[in-house]
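Please see the structure below; I have some questions.
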Amino acid sequence: MVIVTKISIEQSHLDAMVEDFRAKGLEVDIIRGKDSIALGLIGDTHSLDADRLLLNPDVERIMRVQEPFKKASRKFHPQKTVVKVGNASIGDDTQFAVIAGPCSVETKEQILTVANGVKNSGASILRGGAYKPRTSPYSFQGLELEGLELLKEARAATGLPIVTEIMSPALVETFDRDVDVIQVGARNMQNFDLLKELGKCSKPILLKRGLSSTIEEWLMSAEYIMSGGNSKVILCERGIRTFETYTRNTLDLSAIPAVKKLSHLPVVVDPSHSAGMSWMVEPLSLAAMAVGADGIIVEVHNDPKSALCDGAQSLDLCQYENLMQKLKAISVHFGREC
Amino acid sequence: MVIVTKISIEQSHLDAMVEDFRAKGLEVDIIRGKDSIALGLIGDTHSLDADRLLLNPDVERIMRVQEPFKKASRKFHPQKTVVKVGNASIGDDTQFAVIAGPCSVETKEQILTVANGVKNSGASILRGGAYKPRTSPYSFQGLELEGLELLKEARAATGLPIVTEIMSPALVETFDRDVDVIQVGARNMQNFDLLKELGKCSKPILLKRGLSSTIEEWLMSAEYIMSGGNSKVILCERGIRTFETYTRNTLDLSAIPAVKKLSHLPVVVDPSHSAGMSWMVEPLSLAAMAVGADGIIVEVHNDPKSALCDGAQSLDLCQYENLMQKLKAISVHFGREC
Amino acid sequence: MVIVTKISIEQSHLDAMVEDFRAKGLEVDIIRGKDSIALGLIGDTHSLDADRLLLNPDVERIMRVQEPFKKASRKFHPQKTVVKVGNASIGDDTQFAVIAGPCSVETKEQILTVANGVKNSGASILRGGAYKPRTSPYSFQGLELEGLELLKEARAATGLPIVTEIMSPALVETFDRDVDVIQVGARNMQNFDLLKELGKCSKPILLKRGLSSTIEEWLMSAEYIMSGGNSKVILCERGIRTFETYTRNTLDLSAIPAVKKLSHLPVVVDPSHSAGMSWMVEPLSLAAMAVGADGIIVEVHNDPKSALCDGAQSLDLCQYENLMQKLKAISVHFGREC
Amino acid sequence: MVIVTKISIEQSHLDAMVEDFRAKGLEVDIIRGKDSIALGLIGDTHSLDADRLLLNPDVERIMRVQEPFKKASRKFHPQKTVVKVGNASIGDDTQFAVIAGPCSVETKEQILTVANGVKNSGASILRGGAYKPRTSPYSFQGLELEGLELLKEARAATGLPIVTEIMSPALVETFDRDVDVIQVGARNMQNFDLLKELGKCSKPILLKRGLSSTIEEWLMSAEYIMSGGNSKVILCERGIRTFETYTRNTLDLSAIPAVKKLSHLPVVVDPSHSAGMSWMVEPLSLAAMAVGADGIIVEVHNDPKSALCDGAQSLDLCQYENLMQKLKAISVHFGREC
């Protein structure tokens, strides 16, 4: 960490600061410039609170040389983390995990049809929303506990592990018992109370990136979960908010190599929510594999009214089968199997 | 609401859609263009789920003519809402509420000194953080329940009502009993489970705008609280995330006249968190009054080490006194008292 | 176009508006709602100036049903445009164009070495900056005309067509005579005077997307060039500004399928400028092919000091050769040749 | 400047870097950390090209301690710059400049009516667009040279100095001769060729902030003009692009105190373009004065059809008169006259 102070700082104040850092076990190197003084701190600065340091009126700026995350950092944990869920090994460079299922669990028939469909085409995990975060209080909020039960039935029928979103700390115990992967949605990425509770879980956490979060903030949220004792975190890039209105969000595929450089955690891509248009799911899924993601999480819907191949926002089972064929075809070039 | 469909839609599908809308009590007007067909829906469309409509492959676009919020809307509630807290009437056009206090409650001595100080200069409500949302799990997380107790002591000593931030639905009962205004932080603006619980409270809610939220999303979060039965919502603009890095966030003062046009709810401004620099607090506070805000919430810190007038991020008591003098001086031109 | 007016509009004003639209050859359909009136305009509304319409105090909102671009639109020109440059056919679904070369032309030796190197590995066009847009007036501004001459020498020596950036309308004649593709940089995407001049050129224009432009604005800039008479526009996605600071810009790969749906123009990807890190170029280039781009434009640098394979921001010739091998290997799955 | 290198850098490479910096007259201080090495450079680092330094594969990060601008910096020029235009002294803390006039010059009658109107209410400079940057090639592009002539007539008739926007380097000579202040629009803030030409002018330049520019980039564009020899730059905050769609742009009033801290240049606010709604102009103008701006530039329109007081986007003469009254009333509290 480099701390820049005003050139006008009194010598006694400067001495006090330096003393304070040394008392914390840090080495301090002082660089006197023409307009400012820079203090180079050597040692473990993770516990320093930059906001607090800035309260000092002599301090002009603080520049971190190291990332603020530690347990999530690849520097301190060079080997990739592999999270095992059913038959899937998410984070294993030779596999490409496909998580598929409907946006919301609607009926028993629906979830069973979709679950069987995606299993046949080759999904490794079943997704489905029971609790839905909705911008409007007047929109459908999900089947809640009933939805969770239907997901468990679908798991029993197909053998697929299930992943579903949690919204409240009060439900952590239930989810930890009943589901195989607990999903944290984008809007809750910085719901720190929820993250703390999830740190005590035994189940893997699928942590979606917030709508306008930086990669560093995302990894800091993973750090919250990991510092609580749960190291099984799967990151999920799902699109960020930009000025573009044609797509609902902008899928940040460059975040994948970035995250893989900075962290040892597995990272998957959600091509459905980002674009908000079914015809974009296929090219974005292929690009996700090409850019190095460990898998995708994709919405597949089963609409009895509009049979055959003509869904809208989600893929239908026929489109999903096509996508899997294409993914399998190119996977060999990337040394992965799906 | 206007729904645009493909020109190629089959007549039977179009008829079915129209029938469906009419069954919901809406009038439907059909405009056939050269490249598309537009359906104009007349009546109360608040309950229509736009996402669901877009699942229909014939639908190209949905354009809302009305805002999606109702209880928060000025159209349906032309008179301004006034929230009474102690002696303050927030939302009353003849008053300007000043909420002041430290970022975090640290010690009994600190909170009492600050509380007495801001009371003497003319604050109407005392603020102070007991539970702190921190990006890093390694940063100070607040004194929690102990902080709440200290705030209550400060209230007893000064008579000032207190406002503090809530982070977990599990604490709603405690807060509803113990504090006078419950604050929802920017990162929890879309923590829908928390909002639902707060809808059942009897105390006013100070709802901060999310870091990258639109005004519409902010009002939809107010709608969540109001639709649960609690209509005492005070909006708080605290800066949004932009590309600017010199200031921590960018205070969106144009949101104030916008919100006052769209909603009847009172709206206050936080000039401390947005800028992150104490020397910006005064000009931004004066601008907040000039632009029409109903009040401000400002950080005042009492640092025993750096006595006198030289704080950094927060105002010290001397700077706060100066600010109050200037606010009072210009308030008469805006027909307000503070 | 749908025009929403206040419900309180006087009948005579409404009649005048409707009359005005009909005089312009448009059909007008009037939908009376409870809180507002919507006018559905049928016909060619491209020439209507929405800003002007909003000057009318009775008008509340204008909603476009059609895109504002016409010559760039796929609706009016369903067949893809193919731009031929040397041996490359950019926009042809069976080809993948690779444009390569240094960020800046520095010396004769440098540009010749790089040109020969990329030619041997399989580039179809040589890139190189002669005029450089620099944020600081104190940074290297390029070799200017001398750089242009060196590019021409490299073309003569290798047979590769050349592309370089233009910054001033005054140089359009020179560029139209001397280079094979004229590049418009991100910062000049809305330099409308320059676009108008380029509309009169005979050479293809490589139009980079602005740092915070929407896809619609980008296509409107293409429309400027095309409406001037030059229909040979190649779009280039080069990353947009987001809150992410780890990467210099965020490559928006979802813009590729979006642009291909909206427009018939070819679109290529710049994986070098977006990320700003050489080790990201390979995964982003592979993803660009997977997502459906018509090619890439990539920086290749020849640093005599740091021989072998260890460049920093640009690829060196050895890394470029590796990239070409990988692109060729997967291209067959996408029905393209490169 | 602090340069962070990999801990694995070879000693000979490190020595070479250090030697290189010393040869440039800089002192170098070396801080060896556990995971990296930091070089603190002392002296004038303005001429160092950070992009070039990053080409070195041993370099991990570069952190600037000083701002990259110099002539525009308040550190090197503590006294505020005052730009005199007619009777106005823009940047003088005892004055508040009001620049007013129509968006576009339309007819002789229009510009004369508006010019006389704003003069009577107390404007110090007349604005009016002759060359208009329009997103669509099909929109009205301004009266161009004819508009310039009409502005000159209005100046002759009223004595008000005129400001109008330039879009092309080719017109710099004409503008330098004919107008009193030359405006650079937001979209041309980084049209570096234009900025270079304006650096040779004798007339003041009104430099609008780009739609998504940082304050630093804005001041770097001022630096371009100043480094060319023209130090009379007036900055103009006109709103930045954010996710908010209710307002056209988000007026960044916190940029005013920020700019005044960083630079000695005068700064004015455009409340018309940012909001895009006439009823927001008054509160935003009052807030601009309260936050410390040196003036405003406001759109006033004269629409013969909709006489009296009911304009839409621009103020009409009656609303403008009201605004001036309110500005005058509060100006005394800010020690300014307008």
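A, B, C and D label the chains in the order they appear, each numbered from 1.
The criterion applied here is as follows: contacts are C-beta pairs under 8 Å (C-beta built on N, C-alpha and C of every residue); 3 or more make two chains touch, one makes a residue touch a chain.
For clarity, every value in this text was computed on a predicted model and none was experimentally measured.
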item: Common touching chains of chain B and chain A; value: C, D
item: Same or different residue numbers at the chain A/chain C copy interface, by half rule; value: same
item: Euclidean distance of C-alpha centroids - chain A vs chain D, Å; value: 40
item: Computed distance of Cα centres, chain D from chain B, in Å; value: 31
item: Rounded Å distance, chain C centre to chain D centre (Cα mean); value: 27
item: Multi-partner residues of chain B (at least 2 other chains); value: 212, 241, 243
item: Residue ranges of chain B in contact with chain A within the complex; value: 46-47, 49, 51-52, 54-57, 59, 68, 133-140, 167-170, 187-188, 190-193, 196, 211-212, 217, 220, 223-224, 227-228, 241, 301, 303, 306, 310-314
item: Touch list for chain C against partner chain B, complex; value: 2, 4, 29, 31-36, 38, 40, 42-43, 61, 63, 65-66, 75, 212, 241, 243
item: In the complex, chain A residues that touch chain C; value: 212-216, 239-240, 242-247, 250-258, 261-262, 274-275, 279-280, 283-284, 286-292, 326, 329-330, 333
